[in-house]
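Next come the structures, one after another.
Two complexes are shown next, each including chain A; its partner changes from chain B in the first to chain C in the second.
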Partner chain A sequence: MGGPEEYADHPVRSYVMTDGRAHPSRNTIRPETLLVADPDKPVPLSASHRQRALLDVCGGVLSLAEAAAYLRLPVSLVVVLASDLVDSEHLSIRCGAPRHDLPERHVIEKVLNGLREL
Partner chain B sequence: MVFANSDRSRSGPHVVPTVQHSVKILVVGAFGVGKTTLINSVSEITPLRTEETMTTASIGVDSLDGREEKSTTTVAMDFGRITVNPEVALYLFGTPGQRRFWDLWEGLAEGALGALVMIDTRRLEDSFEVFDQLELRTSMPFVVAVNNFDGAPRYETEQLRQALDLLPEVPIVNFDARDKDDSAQALISLVEHALQFSSDEALA
Partner chain C sequence: MVWLLSGAVVTAVAALAASVAAWVAERDERRHQAELARLEQQHRHLETLSDARYAALRHVVEQQLPALSQDAAVPPLPEAVADDAATELVGRSTAVLDDVRTGQLNKQTAVEEAVVALGRKVQSSAHRIQEEGARMVQRHPSDPDVLHTSMRVDHAAAQQARQAQTLAALCGEWPGQQWHQPLPLEDVVRAAAGRITAYQRIEVSGDSGMAVVPRTVEPLIHLVAELLANATQSSPPSTQVLVAARRVQRGAVIEIDDCGVGLDDNRLEQARRIASGRRPVGLAELGEIPQTGLPVVGSYVRRHDFRVDLTESVYGGLRAIVLVPGDQTETVAPTGRAAPGGPTLTQRPETRSPRAEGTPERSEAVTASRKDRADPRDDHKSPQGSEESPKLPQRRSRRNEAPPTTPVRWPQEHEATQTPEQAGQWMGSFLSAGGSRGTPGDGSARPSADTHDASEER
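After this line comes the complex of A and B, so read on.
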């Protein structure tokens, strides 16, 4: 296994990659998935400092990639942190990821109109 | 505080609370082709960076001491955000062309509106693998955006189409990634193409 030169969080990656995921919610978190912490739910005593940092940064709506960038952590690790916090309902996903390959047409049209007004 | 060092001059770090949907476009291209320049031109936040570590076994290297040789590479992805509508946030993720890089980021290639493939006419060959991957391994609509570097050769669209072996329906646009309007126009071409693509899919 990894020597000291390897990134300390790397072993988590293998877990993310497993097909036998314990929590189906993990499949729905992508880099652009919007997350927001539930302000009424106290931070669990058992939360790690990274989970606390994630809840802190998600005090307002933020994509998973943005949260990872601000926390200076890899997206692959933040997916795991976020999944656990979604399961415990401390973090919620704004509008779960659509099942289609492409975004819905009415959303694409809004993107087009928005870009035209830039 | 986590935001202490971030640049908040353009827009607050958080997405406005009315936003219900997030959509992504992949900005794909070789190193140095101008992906971050484009993202910086149109993003409402200062582009952010996130890194993943890639561990690869060395190939073709004899191990002298019996240990498996591995090398670790850090790969960065820059991205930006445009709140295109009170309900929709568009994310632009800049990623190197090779598929092994996309796979580093969980879910990056899934559900994308499309890909803007950036090209430098001085290094056309750098893009060949990108097109192979896009055509063979995804069904994502894409548009080719030629970044007009100063001093780079200019080609007619059809010359480029032949050189890159692209299908007639793939749009090719010329733009300057440093220019906001130009960059927005390149993205508009992609979104228009994606709309066309989605109606074709519906009919198929």
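After this line comes the complex of A and C, so read on.
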């Protein structure tokens, strides 16, 4: 039962970690979103061990999915935890490749067609 | 001459008759005396016998039968009763009563075993439900609705598992699950909160820097869960239940305050006797409307050398205090810092084996099987574990260099109804009561929110 089916149990249940919330406070965080902790901001005293751990693993830039893997928590749960920390400005979202830097659609199509002709 | 002679004869005969009569009288007297002495002796003997048999009867009625009804060993007849017949009869009564008691015990054991086995089944099915819920969330990693459903299912199953585990605890059995990593005190409280209905009313404060050793994790979680359940049930739904965990010289303390109306002195004393383990309550004593919470607490207290006391809380309700002895606690690195060499991860008690849940787990057996399986999940379970095989690139947190100071958060409005010294005195009397379960609620030293500060000084 490895891979995504792997079941990691923990005495502290998910609903306790989020106070019963399953929906994140913001919908901008996705599994591939890069997160980075603000090193200058002290860890909130009310933070649970999981939140502190999340801040720890995000000491460098880390995608949310990776952080979830580190913490061995479901991605959807980490989204909720991370959203709270982003709200409190302990975590910030590091944008990936900015959308306006992406090439236009017709350029990509040309490249694709070129590759097919090889 | 003839009359003279006959006179002498008459005299002699008379004298003879007199002496014969005297002899006969004396002989009868002696006989009577002997008879009297014999009768007296017999009387004394019978009296002794009667006393002995009365004593034997009293022993049966006053000692043996009550012992039987109280489920204690039937005491044999004391040596002092020296009557063979009584000894023999009481000996037979002792043997019969012993048989009855053995039969009772066997029956009780059989009932308890059945209850424990049924409880384990319910518990393991609850754990399977939790496992399925977790898998469902993993299969739908970005669907909050699935997470929400899973949380609700998980919460219901966690409460079911606790109730089932209660049955085992009341029968003096081990809890049905074991954890294999130490767990910080605050997480013990959070884990316990997850097993009660009103978990959202639990407010944990403090960062004690203390964890409990693996073998203590599950019993303590269950114990705290029962205290939290009592606290939430006996206080208005709109109020919080405040929990503080802190390090003390003799180990670690968890305090649970509710804002209910408390108990009157009589009921408080009864509750204290049960919660402190002084009065064991088994399945049979639960009654028609079973109150299982405090009996479970008491059973863990007796088994694990915890100390639990209940007092009035400054918030008006009850305060439950749990002392975990020092040999069952260990310090943990303050949270919010990365361990050198790798990302700090939470202290994750290892997952229990879902396949082994149906049977009562003994920690040694489970540990062994864990090692055999060489579970890859062990890798990131603890800061220590993270050194072994970090799978991801190591990132070091700069938090490392700035350990957070963690003054304990405590609601402002509860401040100073008494001085920290008074509170400290009270705390001291609880902690220094030694082997005897202390009575901290006496005198002027009432518990206060300020024990927080006071105990830090000790």
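Basically, the second predicted complex is superposed on the first by the 70 of 118 C-alpha atoms of A that agree within 3 Å, B and C clash if a C-alpha of one lies under 4 Å from a C-alpha of the other, contacts with A are read in each partner's own complex, and residues count from 1 in each chain.
Just so it is clear, a residue touches a chain if its C-beta (ideal position, glycine included) is under 8 Å from a C-beta of that chain, and two chains touch if they have at least 3 such contacts.
Just so it is clear, the model here is predicted, and its values are computed rather than measured.
Within the superposed three-chain model, A:P103 lies in touch with chain B and out of touch with chain C [touch as defined at top]. When the two complexes are overlaid on their common chain A, residue A:S63 makes contact with chain B while staying clear of chain C.
Of the two partner chains, chain B is the only one touched by A:R116; chain C is not. Residue contacts after overlaying the shared chain place A:R50 against chain C, while chain B stays out of touching range.
Applying the stated contact rule after C-alpha superposition, one finds that A:A37 touches chain C and leaves chain B untouched. Comparing the two interfaces of chain A, the one with chain B and the one with chain C have residues 2, 5-7, 10, 16, 30-31, 53, 56-57, 59-60, 62, 65-66, 68-71, 74-76, 79 in common. Per the touch definition, chain A reaches chain C in the complex via residues 2, 4-20, 22-24, 30-31, 37, 39, 42-43, 45-50, 52-53, 55-57, 59-60, 62, 65-66, 68-72, 74-77, 79-80.
Contact residues of chain B toward chain A in the complex are 2-3, 6, 12-17, 19-24, 42, 45, 48-53, 55, 72, 77, 79, 81-85, 87-91, 93, 104-108, 110-111, 113, 139-141, 180-181, 184, 187-188, 191-192, 194-195, 197-199, 201.
Chain A contributes residues 2, 5-7, 10, 16, 29-34, 53, 56-57, 59-63, 65-66, 68-71, 74-76, 79, 94-95, 97-98, 100-103, 105, 107-116, 118 to its touches with chain B in the complex. In the complex of the two chains, the chain C residues touching chain A come out as 130-131, 134-135, 137-148, 150-152, 154-155, 158, 179, 183-184, 186-188, 190-191, 193-194, 199-200, 207, 217-218, 221, 335-338, 343-349, 351-352, 354, 376-377, 380, 392, 395-399, 402, 404, 406-407, 409.
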